[in-house]
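In the two complexes that follow, chain A is the common piece, with chain B as its partner first and chain C second.
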Partner chain A sequence: MSPLTILLIVEASAIGLILFGAPPKKVSLVAAGANFLLSLWIYAQFPAGIGGWHFVENHPWIALGGLPEIRYHVGVDGISLPLVLLTTLVTLAAVWVAPAQIKRAAEFYSYLLLLSLGALGAFVSLDLFFFYAFHEFALIPTFLLIGIWGSENRQFVSLQLTLYLGLGSLVLLAGIIALLGVLPAEARTFDIPQLTDYLRDNPIAPGQQVLPFALLAAGFGTLVSLFPFHSWAPLGYASAPAPAAMLHAGVLKKFGLYGLLRVAMPLLPGGAETWKPWILALLLGNILFIGLTTIAQKELPAMLGFSSVMHMGYLFLGLACWNALGVSGVVFLMVAHGLSAALLFAVAGEVRERAGEIRFAELGGLARRMPFVAVAFLVGSFASVGVPGLANFPGELLIFFGSWKSQPLLTAVVVWGIVISAVYQLRAVRSVFYGDLPQHLADTMDVEGAKRIPYALLMAALLILGIWPGTLLGVVGPGVRGFLSLY
Partner chain B sequence: MQEGLWILGAPEVTLAVGGVLLLLAESVAKLQSRAVGVLVLGVYLIAGLCMLPFATTGAVLWGGIYTWDRFAVSGKAFFLLTGMLVTYLSLEGEGKIPAARAEFYILPLFCTAGMALLCSVRDFVLLFVALELVTITLLILVAYRRADAASLEAGVKYLIVGGLATAFLVMGIAYLFGATGSTQFDEVARYAESEGVGPVLLLGLAFLLVGLGFKAAAVPFHIWAPDVYQGAPTPITAYLSVGSKAAGFVVLLRVLLLPFWNSAFQRHWVPLIGLLAALSVVLGNLAALPQRNVKRLLGYSSISHAGFLLIGLASHSFLGFASMLYYILAYLVATFTAFLVLVLLEQDKEGKTITDLSGLVQRSPLLAWSMALAMVSLAGIPPLMGFFGKLLVFLAAWQSGLHVLVFIGVAAAAAGIYYYVSVVRAMFWSDPVHQGPIVLHPATRGLLVVLNVGSILFGFYAKPILALAAGAVAGIGG
Partner chain C sequence: MAWLLLLAPLSSALLVWVALRRHPRASQAVSILASLITFVTALGIVLGRIEAPAPLAWIDFPGFRVEMGMTLDALARLMLLMVTGVAFLIHVYSLGYMAEDPGRARFFGELSLFLASMIGIIVSTNFVMMYVFWELVGVSSYLLIGFWFEKNSAADAARKAFLANRVGDFGFLLGILTFWATCGTVAFDPEAARALAGNWLAPVAALLLFCGCVGKSAQIPLHVWLPDAMEGPTPVSALIHAATMVAAGVYMLCRIFFVLELSPEALSVIAWTGGITALVAAFIATQQDDIKRVLAYSTMSQLGYMVLAVGCASTTAAMFHLTTHGFFKALLFMGAGSVLHALHHEQDIWRMGGVGRKMPLTFVTFGIGAAALAGIPGLAGFFSKEEILQAAARSQPVLFWVAAFTAGLTAFYMTRITLVAFLGQPRSEVVRHAKESPLVMGLPLIVLAALAIVAGYPFFGIVRYLGGQEGGEKSLLVPAASLIAVILGLAAGAFGYGRATKEPVAIPLFQRKFYFDEIYDWTVLKLQEESARLLSWIDQWIIGFLLVRGGAFVVSLGGEVLRLVQAGNLREYAFVFALGAGGILLLLFGR
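Right, the complex of A and B next:
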């Protein structure tokens, strides 16, 4: 059995144990910890320098005349392994920062684990059916997490988010069906590697690729909050409980990008070429329009929500330019953004919980009361802005190098996004942690003891990847080369 | 199977005989109505067991008007399951239906017998007889609560619209007979093959589709459904929404695959069915959006599911037909789960509106989770059976070139998420309006768990169900 299957089984059995009355936080923590260690082991065992699929498990699942074959096919390459690592690390951190004393704790932790299971399953699946199904079943836990434990305006927000994501998923489903529909009957299969190989040797006419690509791009785009399909994200993340926001913004949202990278762009290059101008135009909306909207935010979680939408613009840029540098940068930045977003949302959760306040105007001077949290926020902010030495910098740099080759003008415009993000991020740092400490925050307590470990883990990961990007690029580069034949 | 053994094996015989015997016994011995309910469950079991030895055999009996093939056997098994679940629901909801006398349990036996007979028909007259057996028993059951105005209103509506549909059906059969000189499916097919497809045959087919569209509650023959669903006793609503609908589709499959499979016919009925499908999914889902009464909401949702099933039918391919059978089983599991929860809540005069479901998770997590899974399955979200059914139906339609139909279906399914999720929302995060824990019988708990597990398991691992469905479709021609 592949260790990837074990990852899935561990989470599923943890959920089972919780349902049968085991202590939810302990069980979740043990399962998440075990999975993180296991994924580190997978990384250690992963053969460096050569591309291709590893830790593969491949069984027939459903075969029926007329139905494209469905297989249980899991495996990782240099593109998905970093995302698996990201998922297990952020899951561990999210479970750790979640309060033990929460109403309906058993449900809360089961939904968190389901969210994580959905992301893990989607990232390791090499079969479109499982790839889609794993991601979409995380929809209901997300809905419940925001609806039950969310803060302001949760009722409306959770319903809006669910409808948006549900519609996006259904458009995506139509796209998958359309993709299979343009293939000749004997080549139809849900198996991603088979599809990739087949389409590499027998490309279909570009005209036929236009519709399936449009559906896939709209579906995946909605799931990653591509402008103008983004409005579910900022409000949703602002309202979600911190662990849910960490897992969704940090991990699950990457599914859309991963899908574009794994399915839409390589299988339908002609369609991608046709729609490229549109994607380039829309990503400007993400970076500039949403960037400026972020500056105008008056509350910490909402600002983080918008900023996480904005950063998707860079990732779209790397994908749209579709060369080895840019795509490697995309994989790297997905991980980096996942880590920094998780860290920032965790801090926002602590501020909301401990200070009881999220409005910038009412916050200030908290660095004196909670120095550790302030450091964590500072590290997250610097990473998010793209300061060298932290993980986001190499990712963004690679994307800009990649896009410079084909889109110098656009790249020159987009780079200014960094200034925008520096403005809102540093402003947030100042207005939350520096300045005068208002009277009502005078007895705010810092995070103490073992509760610091998840923050430390995320910060350490950001630093390690920032200082030695080679640790991950050694895996990503050959993976991108192997899967996409881009070099 | 030989003609002599038919008496032993066919469940319609066992059910009808059992029903008559129970009616007689009840009139003589004054049995407790609850005991009769349990006996009825026994009759279903016996019918199922009697069918087992013949499950893999095949035959055409009674001069070619009755067929025993894998499709018929699967269909009969499906309706036996439906009948058992309806009886179980009636037993659970006993306190709710005033003066639920023994015939409330016994009548569904005849109805199920009619449905089982429908699975085997190869002749239009036999089809008519079986369909009327189903309709008339259902009519009595719908109007069973004589003191309740809503129930009576539902009965009258069902009577009038059902009568109209029957008239169309008979008219269609008359045209077909007039043109071909026979009522047998094979003869009609042979006539169309040799003489070509004339306007009279097409008119007959069109009238037939009207009559069957009523059974399936497809737009524009759906007007009766919401009112009747809301007014009928809840177990009967479940019966209508699963049994009656499935009966409509079983007959549609038989009729369209045997006498009207000719490509000259297909040219006409494929677009027509596609149109009905598009109307049903759109209208069913949109009309369900503002509903607050849960039974009425499920009524509209059942119209939309008729539409999704019709999408499978319109794709007129092997995959399309197999996916319909899978879909209908997924629909059975989810619908019965939902109605079982409603019946259990009705014991305390609750469960009428979505608000009554508020905070259910705090009163009974099992009920809330079962209802949530049923809703999520009907909405078509993985890993439940409803999702895989929709995937199959869309895939089949796309492969048959019905791209626009897939887009309409996807848009309608997206709208559907809203109202299904709003039921989940009420249960999971509103505060309860009714207090007090809900006590469940261990058997009911077991049944709910089985339904939930089945819905998840066969959603992810659809292979066994799909193999059954494919076998049934393969058997239809023989």
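Right, the complex of A and C next:
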């Protein structure tokens, strides 16, 4: 049995145990911890320097009517392994950060694990059906987590998110169907490696690729908050409980990018070429329009939500230019953004809970009362604005270098994002943690003891990847080369 | 061995951060030890005992290889010795200056981070490695300016410094990208740079790279952060915002001179930027009342001189002045810090007076520093400024006169603050109770004062070390003009401020710093604020409302979704949703 299957089984059985009445937080922590260690082991066993699929498990699952056979086919390469590591680490941190005392705790923790299980499943699936279904599976707990445990007008936000992501998923589904539809009947399969190989040797006429790619790009794009299909994200993240925001912004949202990278771009290169100007134009909306919108935010969680939308612009740029440097940068930055976003959303949760306030105008000086939380926020902020020594920098750097040769002017505009993000991120540091401490915050307590460990884990990961990017690029580079034949 | 230069201060920073934040004594010991190790290693390198290590591949892709290595040529060695030496003295001085601060453990950790980043810039072998440490220097500067983060002014100043530098770094990064795309490498490789020769991209790359220097070395128009950076503790002002970090911009220009020299147009722009900065900053310095701000504007002005020298194609003159300036400006700031320490942080020179009698050691050493800065013959500043003026006279005659005039202004404002702060009668109660600072603060002053005297002489060998005199005969006009300017400046200062107890002539334009802050507030910041608000409105009401709620309306025509959610029955909806998705799939494929 592939260790990847074990990852899935561990989370599924933890959910089962919780439903049967086991203590939710403890079980979740143990499962998440075990999965994190197991994924580290997978990373350690992963053969260095060569691409291709590893830890593969492949057997038939079900055949329905005229559908191509659905197979249980899992495996990781240098592109998905980093995302698996990201998922298990952020899951561990999110479960650890979550409060032990919360209404309907058993449900809360099962939904968190379900969300994580869906993301994991999507990242390891090599079968389009499972790939899609696992993600769909993970969206449901997202809606519930916001709808039941969210803050400001959670009903409305949850509805909006449901509609938006639901529509996005439907468009995506239509895209998958259209993709299979343009293939000759004997070539129709859900198997991603087979599809990739087949289409590399027998490309479809570019004209036929235009529609399926448009649907896939719109679907995946909505899931990653491509401008202007982003409205679900800031509100959703502002309202979601911290662990849910960590898991969705940090992990599940990467599904859309992963899908573009794994399915849409390599299978439909002609469609990608046709739509590239549109993607390039829209990602400027992410960087400039949303970047400036982020500056105008007046509350911490909303600002983090918008900032998360803005950062997707870099990733779209790396994907659109489609070369080894840029795509490796995308994989690296997906992980880095996941870690930094999780860290920042976790801090926002602590601030909301401990200070009882999220408006910048009412916050201030908290570094005096919460030095540890302040340090965590500072590290997350520096990572997020692309300071070297933290993980986001090598990712952004690779993307900028990758896109410069074909799109120098556009890249120059996107690089201005490093100034915009510094403006809003340091403003947040300034107004939450520096300056005068208002009277009503004078008794705020810092995070102490074992509760610090999830923060320390995320910070350590950001530092390790930032100081020595080779730890991950060693698998990403060959993986990208192997999957995409990009060199 | 040479890796110790980076590893010692980096591990000190990490250790303090992770384990020693509550243990000030241990963190002081670790940080000072790290700084001593870097100085000794630098000495070993200069004496030829330590060789550059083999580079490590940090990012390795076909066509894009970034190494972490060490360049240890004469340029780097001189800079290393100056930076690690001054840094060590300032670490020691900080023992005394920060003795009562509750956050001093953190302070020493951040100093170590700064030292590591600064050394990284110096030894960089390629553009990306330099950019990495360049940014880290910016981070440590942000942390140290905002060291007293509970003060609003310090928190604002830190952010302003980071942002102004980021704007410069934006250009710097684009310059790196341009160089890489044209030359095919990010290494400092003059051979590869030939691809730029005669190319229209040569001035573009040169000027984009120069943007980094404009931010870091506080050249107009990105200089606005430097005076505000004086909100940081005074040892920080001495080390980072006077002697080392701000000079990194000039060092970078010398390091990448092989790119700059491909474009005479770019060199002219650089020379003019430096010349104008030198002049404008000197004007402002004549009318500031805060002793640290006078010194900050004088730093900016002297950096302008160095940039001017690079623009005149004399990197030797630039590095010479950078080194001597490092010594006497660190000395001046530490002298000022010694005064502030004794006066409980009174920074207004008009509330001082007569400090010299209370603090003789500080007075004498500050006086030596001031004289060296003013360009009094026989002291270090005279020699190095002379080199710059000679270079300017050779290639930019107009800027030579600007620089000579600025030399007069420099003598004038240094006379002003020395006379007003140290001589005359005490003008406030704190001065009457002032006491000389402790010996840990005094000793570094003595060492730096000695260097400020001798560092300029040929026997000290800085110019020779950098590769000897540059060609071209020396014009006698240069020393004559600058001497006359200095004498006039001294005389005007003595005449105007010998007995003054308040500002005799107020010039609002200079006091308000040519209104740069106001102009930025009204243009850049306003523009950004307003456009951010407008876009946010559009996002909320047009994109959010029309697209989302419009879309919701279309979808909800069936009424199903809305009804379910209004009933609060989300789980039911989610279930239906999952079923629906599966159903559609079946429908389409189940034919």
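Following the convention adopted for this analysis, the second predicted complex is superposed on the first by the 483 of 487 C-alpha atoms of A that agree within 3 Å, B and C clash if a C-alpha of one lies under 4 Å from a C-alpha of the other, contacts with A are read in each partner's own complex, and residues count from 1 in each chain.
As a working rule, contacts are C-beta pairs under 8 Å (C-beta built on N, C-alpha and C of every residue); 3 or more make two chains touch, one makes a residue touch a chain.
Every value quoted in this text rests on a predicted model; they were computed, and no experiment measured them.
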item	value
Residue contacts on chain A - larger count, chain B or chain C	C
Touched partner set for A:I140, first chain B, second chain C, both or neither	both
First, second, both or neither for A:V415, with chain B first and chain C second	second
Touching partner for A:I62 - first (chain B), second (chain C), both, neither	first
Touching partner for A:A281 - first (chain B), second (chain C), both, neither	neither
Contacts of A:L37 with chain B and chain C, given as first, second, both or neither	neither
First, second, both or neither for A:A442, with chain B first and chain C second	neither
Which superposed partner A:V171 touches (first chain B, second chain C, both, neither)	first
Where chain A meets both chain C and chain B, residue numbers	64-68, 129, 133, 136-137, 140, 143-144, 147-148, 155, 158-159, 162-163, 166-167, 170, 173, 177
Residue ranges of chain C touching chain A (in the complex, touch as defined)	57-64, 128, 131-133, 135-136, 139, 142, 146, 149-152, 155-156, 158-159, 162-163, 166-167, 169-170, 173-174, 177-178, 180-181, 528-529, 531-533, 535-536, 539, 543-544, 547-548, 551-552, 555, 561-562, 565, 568, 570-571, 573-575, 577-578, 581-582, 584-586, 588-591
Chain A partner contacts - residues on chain B that touch it in the complex	317-319, 322, 361, 372, 376, 379, 381-383, 387, 391-392, 394-396, 398-399, 403, 406-407, 410-411, 413-414, 417-418, 421-422, 424-425, 428-429, 460-463, 466-467, 470
Touch list for chain A against partner chain C, complex	64-68, 129, 133, 136-137, 140, 143-144, 147-148, 155, 158-160, 162-164, 166-167, 169-170, 173, 177, 228-232, 289-290, 292-293, 295-297, 324-325, 328, 365, 367-368, 382, 387-389, 393-394, 397-398, 400-401, 404-405, 408, 411-412, 415-416, 418-419, 422-423, 426-427, 429-430, 433-437, 468-470, 473, 477, 487
Residue ranges of chain A touching chain B (in the complex, touch as defined)	61-62, 64-68, 107, 129, 132-134, 136-137, 139-140, 143-144, 147-148, 155, 158-159, 162-163, 166-167, 170-171, 173-174, 177-178, 180-181, 185
